[in-house]
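Multiple structures follow.
Here come two complexes built around chain A, the first alongside chain B, the second alongside chain C.
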Partner chain A sequence: MLNKNILELHNLLINKETTSKSLIEESLKKSHELQAKCNAFVTIIDDAKESDITKDLISGIPYGIKDNYSTKGILSTASSNTLKDYVPFFDATAIANLKKHGAVAVNKTVLDEFGMGGTGTTGHTGSVLNPWDTKRMTAGSSAGSAAAVAYGVYPFALGSDTGDSIRKPAAYCGIVGYKPTYGMISRYGLFPFASSLDHCGVLTRCVEDAAIATDAMKGIDPKDMTTWDSSDINLYNSLNKNVQGKKLFYLKEVVDLENYPHATEELKQHLENFHQTIEKLKKIGIEVKSETIDKRLFQTIGSAYTCISCAEATSNMSNLNGIIFGPAADGETVIEKMTNYRTEGFSPLIKRRFVIGSYVLKKENQERYYLNAARVRRQIVDIMKKFFETYDGLILPVSAGPAPFLDGSRKETITDDIRILENHLIIGNFGGFPSITIPNGFIDNLPVGINITGNCYKDADILNIAYNLESILPYKNQIAGGVDHE
Partner chain B sequence: MSKYKAVIGLEMHCELKSNSKVFSEGKNTYNEIPNSNVNPVDMAFPGTLPVLNKKSVYQAILMALVLNCKVPSYLYFDRKNYYYPDLPKGFQITQMHAPIGTNGYLIIDTDKGEKKVLIHDIHLEEDTASLDHYSDASLINYNRAGVPLLELVTEPCLASAEEAVAFLEEMRRIYQYCDVSEADTKKGQIRCDVNVSIMDQDAQELGTKVEVKNVNTIANVFETINYEIKRQTELKEAGRYDEVKQETRRFDEETGTTIKMRDKQDAIDYKYFVEPNIPKYKIAEEWLSTIQNSIPNLPRDRKKEYINEYGLSEYDANIIIKDKDYANYFEECVKIGIVPKTAANWLTVSIIGYLNKEDCQIKDFYLTPVLLSQIITAINDSTISTKQAKEIFNKSLTELKEPNTYINKDNAQINDKKELEEIIITILNNNPSQIEAYKNGRSNLFDYFVGQVMKETKGKANPNLTKEILKEKL
Partner chain C sequence: MSKFTKELVESYANDLLFHLTDEENELVLKEFDEIEKNMEEIASLPNITDTLAMTHTLDDFSFTLREDEIEETPDIEDLLKNCKSIEDREISVPKVVNNNVE
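The block that comes next holds the complex of A and B.
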């Protein structure tokens, strides 16, 4: 039953054809099944209690929470050894809002440690496998959430997105991943990675569900100064069949095959598929044009992102020293205790990022690295805003193809050629732009996705374009079928 | 001072008064019970975010304007990153790039006249937790974590410990007068870092700067500066000036000396960057002028007014402005019609004397200006003597009854000549032998008769009038 979307489930609940209790039982059962298959969860909340069915579309419906959200009384680890026993005493605002609307959390999903990673393989409980093909990665960092939604554990799960952490795993798992405008959903209680880039968001199997879940989570929050009042926006009610005259653009330097002299068969198919999708969009009255950019500037997106995100991360995670929470480490002096806690607790990948963050922030390096990165960010955002004066959104393929293999036998190497293709989702974080990925095809029986990014506060427009595109593609509400390897 | 002059700069930290902390809803009140004024933000639990306290911003801007500083168009904050057990987040939110006030000045009075102290900047930040060290453990108290703190940085423009202290005292008064802080050193609300160097009187180039951290009372600032001047001078005299290092030291209260903490090359790189969780905030011109207009009458202005308009001595004026509540008391007295000099006398002698003796605050003082005026009116009417006034003042404070209770017919001074004459005649008639002796030259018996009159009238006889009548009759 949980392969259904929110609206279908709500109708069943209202008509008493099922109960919240039985949905939760089924969801828990599927959680254990997927845990055995893909290792998607840090915690399965076996004692989750049903809730009353109200007019709220999500009342009584189970959902999943990425383990970097603070959940009152429930282990919240950020998939890190530093917080492996941390049970918060307060709920993140987004969680509190969902509770208020009657949704029921059934599990906490695995992520790349603290959201820092794009593979789903760096969590302290081990790698998350892709339910479409367990030899493949889900991508990250919202790895467990993507796997669980794709598998049909529930209609929606929470993710967070600092570079592409919702939208890339969504593509690799054949589902919808949506990150609203910065500040639409409060970050209070989201364990920070890089505050100026972090977004809360949601993974679902259809655009409607993304709208419904976000409507329940969003709102101005006195605990987060970067939130804004969106009470006049109802994303779900804004979905309609009218996209006549909407304008999108893509970047020639990213999607034209001629940019890739060494293109793999996969990449060729992926781009071919993208152009087919564009043709379909044109048929429903959406104008799509090709635009050109300064390739050299856009090739620095990844480096600029590394500088900014690592700098903020090293500072944001300085509270993790084992003194107030977390398992305190041994040591002769307090400084030694703090050092040991961090040395033992963090994985090498994170430490590497801390070193980069500290390096770019050092007095003698700031100008060259951190501040230049901030300038790149500003320039790219300005260029995008200029485009958004003409267009409703930017449309591009997600990544260079379907999910790579976990064992690295076909290693994901980012060459100069595909650098922009792999990194362009970061633009959405640089500008705080609303951005949504939906599935748009298969390559080698593996799903691939397409992304639409629009101007700040234009969430309803972006969702509506995605909603209409979704309706002419055959992938809405799809559940991971796929290959199971032992 | 001999052939050298000292160059001193101060960093003064002052905790601000507010209901909640600068970036959280945690209470900002002095609390004896450790870790009772804390919330998740103060302890940096994962996922917590800072929320700026508007009142603290108001107070910071108020002080920036008092110090004639330039206020930036946009308010924003920076992170100062370092690890220490008293710093829960692992960074302090402060203002490095755009302090709330820059390039200001303050004119103060010193023994040597007026002095313009240049202000480099004043900025808003958060306090750390406090640590208590024991032989086998250290305890952390998070009550102080996140308390709003204003840090004021002067230019190196002070020339002596006396000037530094005069500046700090004036600042402390200003904080109190503006009602932005209690500025109580006993509660640790004021803490200073002191920079000292010496140079030849005629030199152009500054000497080597030594920083002394965490000097927690104004008296210790005085000692620190004088100790450093002495230490640096002695080394220079001995031809060992190269031993004066650009370093960070601390003041040791027990020995009255400064002790080296770390070298300049070990200075921490705080890796400042803009705090991303607090959006830039436009400081509207209208808000600035509202704040400018709310600056109260400052102590130095009041002092001038007391001297020039009320004719007080500088000595009295200085005593009165020392405490905002004294000054307010004084001004209230003047407002209800008490002659300023009389009010000043009562305040500086009897009232402050009483408050010091009883160790209490003028805020809690029973005799309000209105009640005090009952006594003063009675003296002016000659209803009571100054001696009686003193007694009524004390009695009123002991029994907490208004002075008028004791100023009535019963204890009113006897000023009636006829009434006194009758009493005196009776006394003289009863003491013929003493009169005899007096007339035979024992002039000291005059005082005996005065005493008898006072005894008979229970001290209510007007003494001058008594003496006058006695001289007549004897």
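The block that comes next holds the complex of A and C.
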């Protein structure tokens, strides 16, 4: 039953062909099944209770929550040892909104510790495996959410996205990943990583479900001063078949094969598949053009991101000291207690990021590191905004191919050539732009994705283009039916 | 020779209130060299220092201050549920002020 989308489930519930209780039982059963196979969850909420069925499309429907959202009375760890026992006393606003609409949370999903990773392998409960092939990664940081939606545990799960953390795992797991305009969904109760880049969002198996779930989560929130009033936007009702006159562009320096003198077979297929998708878009009346960029500038996206995100993370996570948050560590003095807590709790990867963040923020280093990175951000956002005066969105392939092997034995070498291809999703975070990934093919029996990013507040346009593209591709609502190596 | 040293990394770790193993320290040093290379690339971009740094995501952002109204606050017992060491509804921490201070 749970391989169906939200609308189909809602109709079954309204017509009393199934019940919320039955859906939740099925979802919990599938959660345990997937946990054994892919290690996708920190917590499975076995005592989740059904809710009343109302006209709300998501009422009575189970869903998953990334474990960096605060959930009242339910363990919320951010997949970190520093918060391994933390039970919040309040719900994040996005969760409270979903509750109001009657959705039922059935599990908390594994992420890269505090969302600070892109592999799904750094959570304190271990690596998440890709349900299409358990030797492959899901990407991250919304790893468990992506695996669970792809496996058919429920129609939607929450993610968060600071660099590409919803949209890349969505591509590797063959599903939809959508990050709305910055501030459309309140971040109150989301554990912060890098506040100027963090976005709440959703992973689903079709664009309609992404629209429905976001409509239920969004809204201005006095507890998050960066939210804005989106009450005049109804994403689901805005979906239609009219895309005539819409214009997209891609970046020649990213998608033309001639940019990759050492291209692997995988990359060649991925780019060929991208161009085939573009041809299909043109057939439904969408104009797609090639544009060029200053490659030198765009190659620095990753470095600028590292600098900005580490700086913000260092500051945001200074409250994790075992006294304000987390279980107190042993020690004779307060400083000793805090040092022991942070030394034992944070993984080496996180500590590295904090040292970098602290270094780039030092008064004597700020100009050369942090401020220069923030200037790159400005230049890239300004270029994109200029493009958006002519186009409705940017369309590019996600990553350089399908999910890599967990043991690092991916065939191709990551070289400077594919830096932009691997990092361009960060543009969406730099500018707060709405951005959606949908599946657009298979390589070696593994899914690959395509991404569309538009100007701020143009979420409805971006979703509608993705909705129409999805309708001419055969991957809508697909469930992972992959290889299990266990 | 790199301007980053083991001692420098250690001092940052101390300020950040954690210790690093030798292995972790070495990984930070390697990453610093990489970052330095990348930041050099950024510093050499044309017009970079003339650009206004972007520190906020939305530049058309506005917010109305909320009314100064009394709100319900969480129950202290709920807040203390995550604490292991409590005395009289307060969190117990080691003494901060030195005993010898008069």
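Heads up, the rule we're going with is that the second predicted complex is superposed on the first by the 482 of 486 C-alpha atoms of A that agree within 3 Å, B and C clash if a C-alpha of one lies under 4 Å from a C-alpha of the other, contacts with A are read in each partner's own complex, and residues count from 1 in each chain.
Definition applied: a residue touches a chain if its C-beta (ideal position, glycine included) is under 8 Å from a C-beta of that chain, and two chains touch if they have at least 3 such contacts.
Computed from a prediction, not measured in an experiment: that's the story for all the values here.
Trainee: Could you say whether A:P222 touches chain B, chain C, both of them, or neither, answering first, second, both or neither?
Mentor: In the superposed model, A:P222 contacts both chain B and chain C.
Trainee: Name the contact category of A:V334: first (chain B only), second (chain C only), both, or neither.
Mentor: A:V334: touches chain B and chain C.
Trainee: State whether chain B or chain C is in contact with more residues of chain A in the superposed arrangement.
Mentor: Counting contacted residues of chain A, the larger count belongs to C.
Trainee: When the two structures are overlaid on chain A, which partner does A:L361 contact: first (chain B), second (chain C), both, or neither?
Mentor: It touches chain B, and chain C stays clear.
Trainee: Once the shared chain is lined up, is A:A460 touching chain B (first), chain C (second), both, or neither of them?
Mentor: A:A460 contacts neither chain B nor chain C.
Trainee: Go through the superposed model and pick first if A:N372 touches only chain B, second if only chain C, both, or neither.
Mentor: So A:N372 only meets chain C here.
Trainee: Which of the two partners, first being chain B and second being chain C, lies in contact with A:K351: first, second, both, or neither?
Mentor: second
Trainee: Quick check on the superposed pair: does A:T300 touch chain B, chain C, both, or neither? Answer first, second, both or neither.
Mentor: second
Trainee: Have a look at where A:L421 lands relative to chain B and chain C in the superposition and call it first, second, both or neither.
Mentor: neither
Trainee: If you stack the two complexes on chain A, which partner ends up touching A:L394: first (chain B), second (chain C), both, or neither?
Mentor: Touch status of A:L394: no partner.
Trainee: Per the definitions at the top, what is the overlap between the chain A residues touching chain B and those touching chain C?
Mentor: Common interface on chain A, chain B vs chain C: 86, 89-90, 196, 222, 225-226, 314, 321, 323, 334-335, 338, 358.
Trainee: Can you tell me which positions in chain A touch chain B when the two form their complex?
Mentor: Within the complex, chain A touches chain B at residues 69-70, 76, 78, 83, 86, 88-90, 92, 187-192, 194-196, 222-226, 311-312, 314-315, 317-321, 323-325, 334-335, 338, 358, 361-363, 366, 370.
Trainee: Chain A touches which residues of chain C in the complex?
Mentor: Interface residues on the chain C side: 9, 12-13, 15-21, 23-24, 27-28, 31-32, 35, 38-39, 41-43, 45, 47-49, 51-58, 61, 63, 66, 74-75, 78-79, 81-85, 91, 93-94, 96.
Trainee: Residues of chain B touching chain A in their complex?
Mentor: Touching chain A from chain B are residues 40, 43-52, 79, 81, 83, 85, 88-91, 138, 140, 269, 271-273, 276-279.
Trainee: If we count contacts the way the header does, which residues on chain A are in touch with chain C in the complex?
Mentor: Where chain A meets chain C, its residues are 85-87, 89-90, 182-183, 196-197, 222, 225-226, 228, 296-297, 299-300, 302-304, 306-307, 314, 321, 323, 327-328, 331-335, 337-339, 342-343, 346, 348, 351-352, 354-356, 358-359, 368-369, 371-379, 381, 430-432, 456.
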